[in-house]
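There are two complexes below, and they share chain A, which is joined by chain B in the first and by chain C in the second.
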Partner chain A sequence: MAKGRAAVTSRPFRLGREALLLVALIVLCTIFSLQSEFFLTERNFTTILRNSVDLAVICAAMTIIIILGGIDVSVGGVLAVSAVIIGRAYQMGMPDWVVVPMGLATGAVLGALNGVIIARTRVPPIVATLGTMYIYIAVLFLVIGGVWISGLPNTLSFLVLGEFAGLPAGIYVIGVTYLFSWLLLRRTPWGQRVVAIGCDELSARLVGIPVEKTKIQAYALIGLFAGVAAVLYVARLRNVEVNIGTNIALEAIAATILGGANIRGGVGSLIGALMGVLFIKMTQNGLVLIGVSSLWETVVIGALLIIVLVIDALGERRTR
Partner chain B sequence: MKDPLTQRLWFLFGLLIAAGVAGTLLSEHFLKASTVGFLLQYVPVLGVLGLAQTLIMLSGGPGIDLSIGATMSLAGLAIAALFTAGVPLVLACVVGLAVGAALGAVNAVLICVLQVPSLMATLATFFAYSGLALALTGGSPIGGLPDWFAVLAQGRFLGIPVHMWVVFVPLAIVLHVMLAHTRVGSHIYAAGNDERAAFLAGVKVWRLRFGLYVLSGVIAGIAAIMTLSWFQAARPDAGDGMELLSVTIAVLGGTHIFGGIGRISGTVLAVLIVTTLQVAFQLANISQAWQLAAIGILLIGSVVADNAVGDRLRQRMARPRG
Partner chain C sequence: MTYTKMLMGSVALGLTLGSGATAQDDTTQIAFIPQIAGIPYYVAMREGADRAAAELGVEYVQEGPTSTNAADQLRIFESFVNQGFDVIAISPLDEETLKPAITRAREAGIIVLTSDADAPGSDRQYFVAQALDQDLGYTLLDETVARVGDSGKIAIVSDSPTIQSMQNWIAAIEERAASTYPEIEIVSVDHTDGTAERAYQFATDAMTRNPDLMAVLGMASTTCPGIAQAVEAGGVIGEVLSAGYCSPNTARSYIKSGAMPFSVLWNPADLGYLTVWVGDYLTNGGEITGDLTVEGLEAPVRYLADSDILLLGPPSVFTAENVDDFDF
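Moving on to the complex of A and B:
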């Protein structure tokens, strides 16, 4: 014990993951703005923000799931099914106040289904959500029938594209989502239960925490957030593509891990995850602006993830 | 028959027959001799990846290789690029296997030396490798391979594709013998069952896993060679979706995702089941969506069945012998 403490105090100062990410974001911005005069403009930042909204919303819930010690690779599928149901509902001429709750409910139900499979049948989360991912994508194909749904109404577009009090609307959406998630995670008994299960599921069970129930609720929450992301997606693009949501699960996991979450559970940071999202989206945007093919963006994200994992691993070694 | 693992194999065998019956009912073209060759055409590439995934999972950790498909794409591109640059094809293939091994070694260093969880490490390398495959080629395939090379994956011997004869079946047999009858095999099971006990018994657990991740890269290289021969071109997205499909096959075949339980024969049956379903649906002209749904349900269902098998195994072990 004393040895571990000595190792920690021997480090002169401890940079938090958030501070590290902030530095990385600033460095990234500097590089891009030196290469392209269009990068550091208000208009471009609004664009980056608009493109980040769906991923940011999903990442808030993904952080909670990873803290719980789980993972959800089916969020893309949930997003896709919610979006296609929203699209079909709009096509049938339903008004916003019917369509939006329908989309959210679809997401929450599909998420809860994941939760039930994981909690009740003890299928590991990665396998269970992999399986439901296939099923949800099948549902998408069956409903959409291989043709884009397009020309949807723009009544909700203000949620992403609009402006309130001089700031882009996306900021408020992200702000509300993250404030809600933070309060839930850090200021409620439910959030404490999530952390406890993520740290040590067996002990959590022994002290009487309803592990199954909490897990189902958490997966329902990420489903709900995927539903929110679907509403925002349709509001922003006013169409539903055939390959909607294919990469978003892996991007969300990457952003969450970049933000300091530990896949073994118990540890994670909402603000870090949000910065991870900004990092990914800024890279995608900046590479295009400086004339590098957008095909390189996955390489950059992958390389960055590897670097972060190596730094973490070396840090863990030193404190061990 | 009483052994739960053998029961599981019979269950898979039943599933395979059920898939065959479904195929016969769905399409009049299914029950023909030509279907066998057509069906087996799809087996080896997915099959060898499933075998690699089985080994990784068996050795525990928990182990998983999400980068296996991307490794396959990159190895294929390396071979095709070397060949168009004038390197003899056979030499290029050897280099391709080395590229696979090197990419696997990156995973191995991250997982076994730095102790990064395999899911995260291979997710990161999945991004890096698949991104590199797209970025280095600009998204376009590299073609122009010689016609004789097509013999490997397009030729038939006794109605069965050549790559079944020379790659998949021998590899499956070698790996089966390795797992069932050699010391390395029992070390793999030991590491997967109880890492600590295996370590205390003198098994070099992490060195063993290191080797398996490298082997997984080499097998991805083998899969790349077969795909090259089949399509006569290296596509940057050749391995897309293979990572998840190979995990599906390993798990469906009865490999426990946390290691220690599983057999090569299960994985082989699982490949045949998935391929039979795919071909049956294709022949019956049923939307690809149903095929995805069937795979998803099979995947979850097989793990639920597996948990039951695991429970019975544990009860058996708890019971005093004799």
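Moving on to the complex of A and C:
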């Protein structure tokens, strides 16, 4: 019985939610393309994709964190600190092969720090990461000290802006990230432990799963991915500004929840999260193209979030 | 619990001691609250202000919110009031939020100035202005027209819609376009959350929506790297012009690449200098009845009596030729 339940929750594709999101995406695309001849073009979809890369990368790890029963609101801060380290390293004239590992390591260390606080002190993750978020943002201010880092080299821009075999480079970055995350979550014992902890932490502890260790590793992973996102951000925009990462944590959580992750843990879908990212980025893009004030975008995203959650709640009640 | 109380007690004690110490000496204390902390523009303003403070023998403190948040700005304003500063200058994010606090500060005998941006409906005494909103709007559009012609589509990317000065510049640009360049069409005005990423997105989307777009104009320094990057990444340098109210340091690499051929702004160090100078002048009982000559500033300061504005001078245009002469 327990085995059966675990099999259901760890199904890689939750068809119900993905189908629902697909319908929402198609409806959205139809509306936008009817209103603007420029929406449904190769060039515009490349633009949407380029704008989605950093959020998509963070969402892959956010899905794993939410399946674990956790949450990380500090990803924007981690991204910011990693980006500052990357920017400063570039300014000192360091080459890509030094700069990139430094950025990734910064992310992983800050993420692991979150993990240690959460696992060792049992402070609820939302509170712990809220606290570290404030600290990370303060670090950003203290290091930058009022001077934007701008005019950074564009040697890595091809990761986001380039093209391989006729497809935008961003597709490969997203593809590799999601394949890696999927294998990790669904094809390794570590991934099964994450699902088990998210379903029932106490039982997981009783059957001997190293809960603390797994948590620290999972938060280090999301930190690492925030580091990847920082590399991609700097590669694309070539500057580090004071407000970097402001909204990315909330967008990531919204996309992940839209994608079918249950905030109480145990359930989540990587493909769904990716579709959630596309929904958010497509809304931001499409509203501008059809000439609707950008102030409406959060209304659309918020409304869909509520609709999806209500449908979920109704469905849950029926099956019960 | 007791720990918290102890902590609060010691903080309160610290505050009392701190304010006691400052109240004893007679040095004039002047505070300035920018719209956001930590951007090069306000750092440059602080440099000018510090220079004036050193010359005039006053104490100058500058502290702003970490995001463009009107409530945080109000909190900082009130903390300066409570600390008993003689002069508080502010670059308001939102006039309505600040109005009652400005009135209360005036009642407490504090000299309240607006500087860098105005709150015309409040009880502030003077607005220390860098340049008239109208001049700035006209200059940006005139310089754009001089480079790409007087007919075509222009998109505007701004920061938060609550920042009054930017709304004024947009209005001035629209007014100039309507009155002088009837062939110019302003196709969109979008507002970012202060990140370069959103400015980049809006500029790219505007170019997608209008394949014949002529120019993207950025209202805030926070929007400049994003819109210039969008022009570079779109491979349309020379086809689409980006320009805006951007500090030379922020715009420098794009001015040199040609993505952003020029930027319009003023010298914020001079503005900071003038703000402190005016604060000190008023504290010492000075009265403003006409144009002023300020030592340390090149151009005379104009006084616009009907709106109580002190005007630093005409806007500067930064191009590839002169951008390296400035560092802010």
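Assume the second predicted complex is superposed on the first by the 305 of 320 C-alpha atoms of A that agree within 3 Å, B and C clash if a C-alpha of one lies under 4 Å from a C-alpha of the other, contacts with A are read in each partner's own complex, and residues count from 1 in each chain.
The working rule: a residue touches a chain if its C-beta (ideal position, glycine included) is under 8 Å from a C-beta of that chain, and two chains touch if they have at least 3 such contacts.
Here the structure is a predicted model, which is why all the values come from computation and not from measurement.
Visitor: Regarding the shared-chain residue A:Arg43, is it in contact with chain B (first), chain C (second), both, or neither?
Guide: So A:Arg43 only meets chain C here.
Visitor: Where does A:Ala254 make contact in the superposed view: on chain B (first), on chain C (second), on both, or on neither?
Guide: first
Visitor: For A:Ile71, using the defined touch cut-off, is the partner it touches chain B, chain C, both, or neither? Pick first, second, both or neither.
Guide: first
Visitor: So, A:Arg122: does it touch chain B (first), chain C (second), both, or neither?
Guide: first
Visitor: Considering only the touch criterion stated at the top, classify A:Leu25 as touching first (chain B), second (chain C), both, or neither.
Guide: A:Leu25: touches no partner chain.
Visitor: Determine, under the contact definition given at the top, whether A:Met133 touches first (chain B), second (chain C), both, or neither.
Guide: Once the two structures are laid over each other on A, A:Met133 reaches chain B alone.
Visitor: Just to be sure I read the superposition right, which of the two partners does A:Trp296 touch: chain B = first, chain C = second, or both, or neither?
Guide: After superposing on A, A:Trp296 lies in contact with chain B but is clear of chain C.
Visitor: With the two complexes superposed on chain A, say which partner A:Asn51 touches: chain B (first), chain C (second), both, or neither.
Guide: Only chain C is touched by A:Asn51; chain B is not.
Visitor: A:Phe141 in the overlay: touching chain B, chain C, both, or neither? Say first, second, both or neither.
Guide: A:Phe141 contacts both chain B and chain C.
Visitor: Where on chain A do the contacts from chain B and from chain C line up?
Guide: Shared contact residues on chain A: 137, 141, 293, 295.
Visitor: Contact residues on chain A for chain C in the complex?
Guide: My answer: residues 36, 38, 41, 43-44, 47, 50-51, 137, 141, 144-148, 150-151, 157, 161, 233, 236-239, 241-247, 284-285, 288-289, 291, 293-295.
Visitor: In the complex of these two chains, what residues of chain A are touching chain B?
Guide: 71, 117, 121-124, 126-128, 130-135, 137-142, 250, 253-254, 257, 263-264, 293, 295-303, 305-306, 309-310, 312-314, 316-317
Visitor: For a test of understanding, state which residues of chain C touch chain A in their complex under the given definition.
Guide: 36-40, 42-43, 66-67, 161, 188, 190-191, 193-197, 200-202, 204-206, 208-209, 211, 222, 225-226, 229, 233, 249-250, 252-253
Visitor: Provide the residue numbers of chain B that touch chain A in the complex, in ascending order.
Guide: Answer in residue numbers: 64, 110, 114-117, 119-121, 123-132, 134-135, 138-139, 244, 247-248, 251, 257-258, 287-293, 295-297, 299-300, 303-304, 307.
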